[in-house]
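A quick write-up on the structure given underneath.
Going in written order, the chains are labelled A, B, C and D, and every chain counts its residues from 1.
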Amino acid sequence: MNSYTVHTSRFHVRYSETDQMGIVYHANYLPWFEVGRTDFLRGAGVTYRQLEEQGFLLPVTDATLSYKQPARYDDEIEVRTRIGELTPVRLTFAYEIVRAYDEELLVTGETKHVFTSKSLKPVRLSRSLPELYAWLEAAYGKG
Amino acid sequence: MNSYTVHTSRFHVRYSETDQMGIVYHANYLPWFEVGRTDFLRGAGVTYRQLEEQGFLLPVTDATLSYKQPARYDDEIEVRTRIGELTPVRLTFAYEIVRAYDEELLVTGETKHVFTSKSLKPVRLSRSLPELYAWLEAAYGKG
Amino acid sequence: MNSYTVHTSRFHVRYSETDQMGIVYHANYLPWFEVGRTDFLRGAGVTYRQLEEQGFLLPVTDATLSYKQPARYDDEIEVRTRIGELTPVRLTFAYEIVRAYDEELLVTGETKHVFTSKSLKPVRLSRSLPELYAWLEAAYGKG
Amino acid sequence: MNSYTVHTSRFHVRYSETDQMGIVYHANYLPWFEVGRTDFLRGAGVTYRQLEEQGFLLPVTDATLSYKQPARYDDEIEVRTRIGELTPVRLTFAYEIVRAYDEELLVTGETKHVFTSKSLKPVRLSRSLPELYAWLEAAYGKG
C-alpha cells in the first residue's frame, strides 16, 4: 500500500475576493488552487519560479470546480493539494478547499497541466528534469 | 427541429488579465463567461441586476473550462453563450471563447447554476418567475 | 489657444468587479484607467501591444485615485482619458470615470509613467520613437 | 514623545498577481494594502468583519501609490501598516510594501477612509464606537 503527499496551505479570505452576493467570487478559487500547487511543489526542493527561470512552464489545459459552500471574507482557508494523475508529459492536481475552524468542505476541483518549454511546446518531464519527476512520482504514491 | 439562441459578447483583453506567461491568466475566463451570461439574459428583457433587486440569485455550483489556445493582451474576444441545460430549479450555460479576427477557438466551458433567494435557498423559477422561465425555454430551443 | 485630445472608452461593470459592500471594489478602477490609456494610444496609429513588441514598456510609477460616488454592477461606464503631463522621458495620464446614463462623476485619478526598455531601463521617447512623441505632443495640446 | 503602532503582514506573491511585464500588476498592491489594514484592526480586538456585521463600513475615499521597485512572483512580501491620520469621522492608513529577504522598499501609499453606516452615510466613530476610537488613538500615538 502506497501513501501520497497532501500539502496544506493556509490564508485568510481577502475583501477583494468577495462579490456583491457577500461571498467569495467563484473565479477566485482558481488562484487559491494555484497557491496550493505552488506550495506543493516547494516540497520538491525546487520552486515553480525556479522551474520557469530554467525555461519550463506548466500551463493549465483543463479546470473543474465544484462549489459546495461559500467562503466568506476573513474566513481562514485551507487548501489541500495532492497529485491526481501523473504521466511523463501531463500532471493533474486535485484540491480540497476547507474552512479551517470547522473543517467544512467548501470547494473541490482539479487542474490538468502539460509540461512545456517557454514557447509553450510540450516537453517530457521524465527526461528533462528526472529528479523532479522522481519526486512527483513519490508524492503521487508510486515511489 | 428547434433552434436555440446564441448570444455573442465582444471586448478586448485587458492588460490586467495577463500573467507573466504572457497570456491571459486561466482564472480570468470565468469573469468572461459571466459577461456572456449577463448579456445573454439581457435578451430576456430583464437584466440579472434587476433579478437580484427582486431578490433572486443565480449562484454557480459547478464550472468546467477547457483551454485550447491562449488569449493575449488586446486580442478582440468573442464570448458565445447558450443554454446547455434547463430545469425548473437549475440552469447550465455553455460558452465558446473565440479570437475575433480569425475565429480561432480558445476556450470552451460550462457553468451550472441554481435559482435561489437572497439567503441562498433554492427556488423553483418556473413558479417564481414564469415569464422569465418561458423565455429561457424558448432560448433553449424548447419553446 | 490649444485644444487637447480626450478619448472616451465605454463598457459595463462586471459582477467580478463588485465586492460585498455592493459596489465596485476600489482597486478595480486602476484596470479601467488602463483600458482608457490603451484606447487613447490606439488613436496614435500604434497600439500599446505593438510598442511592447518593439521593446518598449510604459510602467506606472505613481497612481492617485479620488472616489466620489460608487460604480455598481452593470452600470455603463465612461472612462475619459487625456494627457496630464508630457516630457521626453515621462508621461502622465488623467482620467475621469463617469456613469454614462446621468454623467455622474464617480472617480478621478492620474497615473504617472516612464518610458523604458524591456529590461525596465529608462529611454528618451522623443529620440526612440519621434513620430509617437509628436503625436503625444499634439494630443496634449502643444502640437 | 509618543510611539505609534506598525503592524506587519507577510505573504508570498501569487502567480495571478503578475502581468505580462513579468512583475506584479500595479493595481494588485491595493488589495495588499487592504490585507494590511485588516490585520492592523485585528489588533483592536474587533475584526473589520465584525464591524461590518455591526453595521459599519470603512469605504475608501482616496488612494495614492508610489512604485519604487517591482514585486515579482513568489517574493515574500511584508506590508507595514500604520495610521497616518485620525479624526472622529476620517481615518488614513499609511503603508510600506517591502521585499522580505532584503528589506528593499517596493511601494509606499496611503488610503483615506470615512466611517459610514451600511447605507454609506457618514458616522462619528468617537460616538458610535468609543472603545474602538480610543484604541485607534492609542495606535496613532496620541493615547
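By our rule, a contact is a pair of C-beta atoms (placed from the backbone, for glycine too) under 8 Å apart; a residue touches a chain by one contact, two chains touch by 3 or more.
Quick caveat: nothing in here was measured; it's all calculated off a predicted structure.
**Student:** Please indicate which chain is farthest from subunit C, where distance is taken between mean Cα coordinates of the chains.
**Tutor:** A
**Student:** Could you let me know which interface, A-D or B-D, is made of more C-beta pairs in contact?
**Tutor:** A-D
**Student:** Averaging only over C-alpha atoms, locate the centres of subunit A and subunit D and give their separation in whole Å.
**Tutor:** 29
**Student:** What whole-number Å value describes the gap between the mean CA coordinates of subunit C and subunit D?
**Tutor:** The mean C-alpha positions of subunit C and subunit D differ by 26 Å.
**Student:** Using the average of all C-alpha atoms in each chain as its centre, how far is it in Å between subunit B and subunit D?
**Tutor:** 35
**Student:** By residue number and range, which residues of subunit A touch two or more other chains?
**Tutor:** 15-16, 20-21, 23, 27, 30-31, 34, 52, 73
**Student:** Spell out the residues on subunit C that touch subunit A in their complex, using ranges where they run on.
**Tutor:** 15-16, 18-23, 25, 27, 73
**Student:** In the complex formed with subunit B, which residues of subunit C make contact?
**Tutor:** Subunit C residues touching subunit B: 11-12, 14-16, 30-31, 34-35, 38, 47-49, 52, 73-74.
**Student:** Quick check: in the complex, which residue numbers of subunit A touch subunit B?
**Tutor:** Those in contact with subunit B are residues 20-21, 23, 26-28, 30-31, 34, 52, 57, 59-67, 70, 120.
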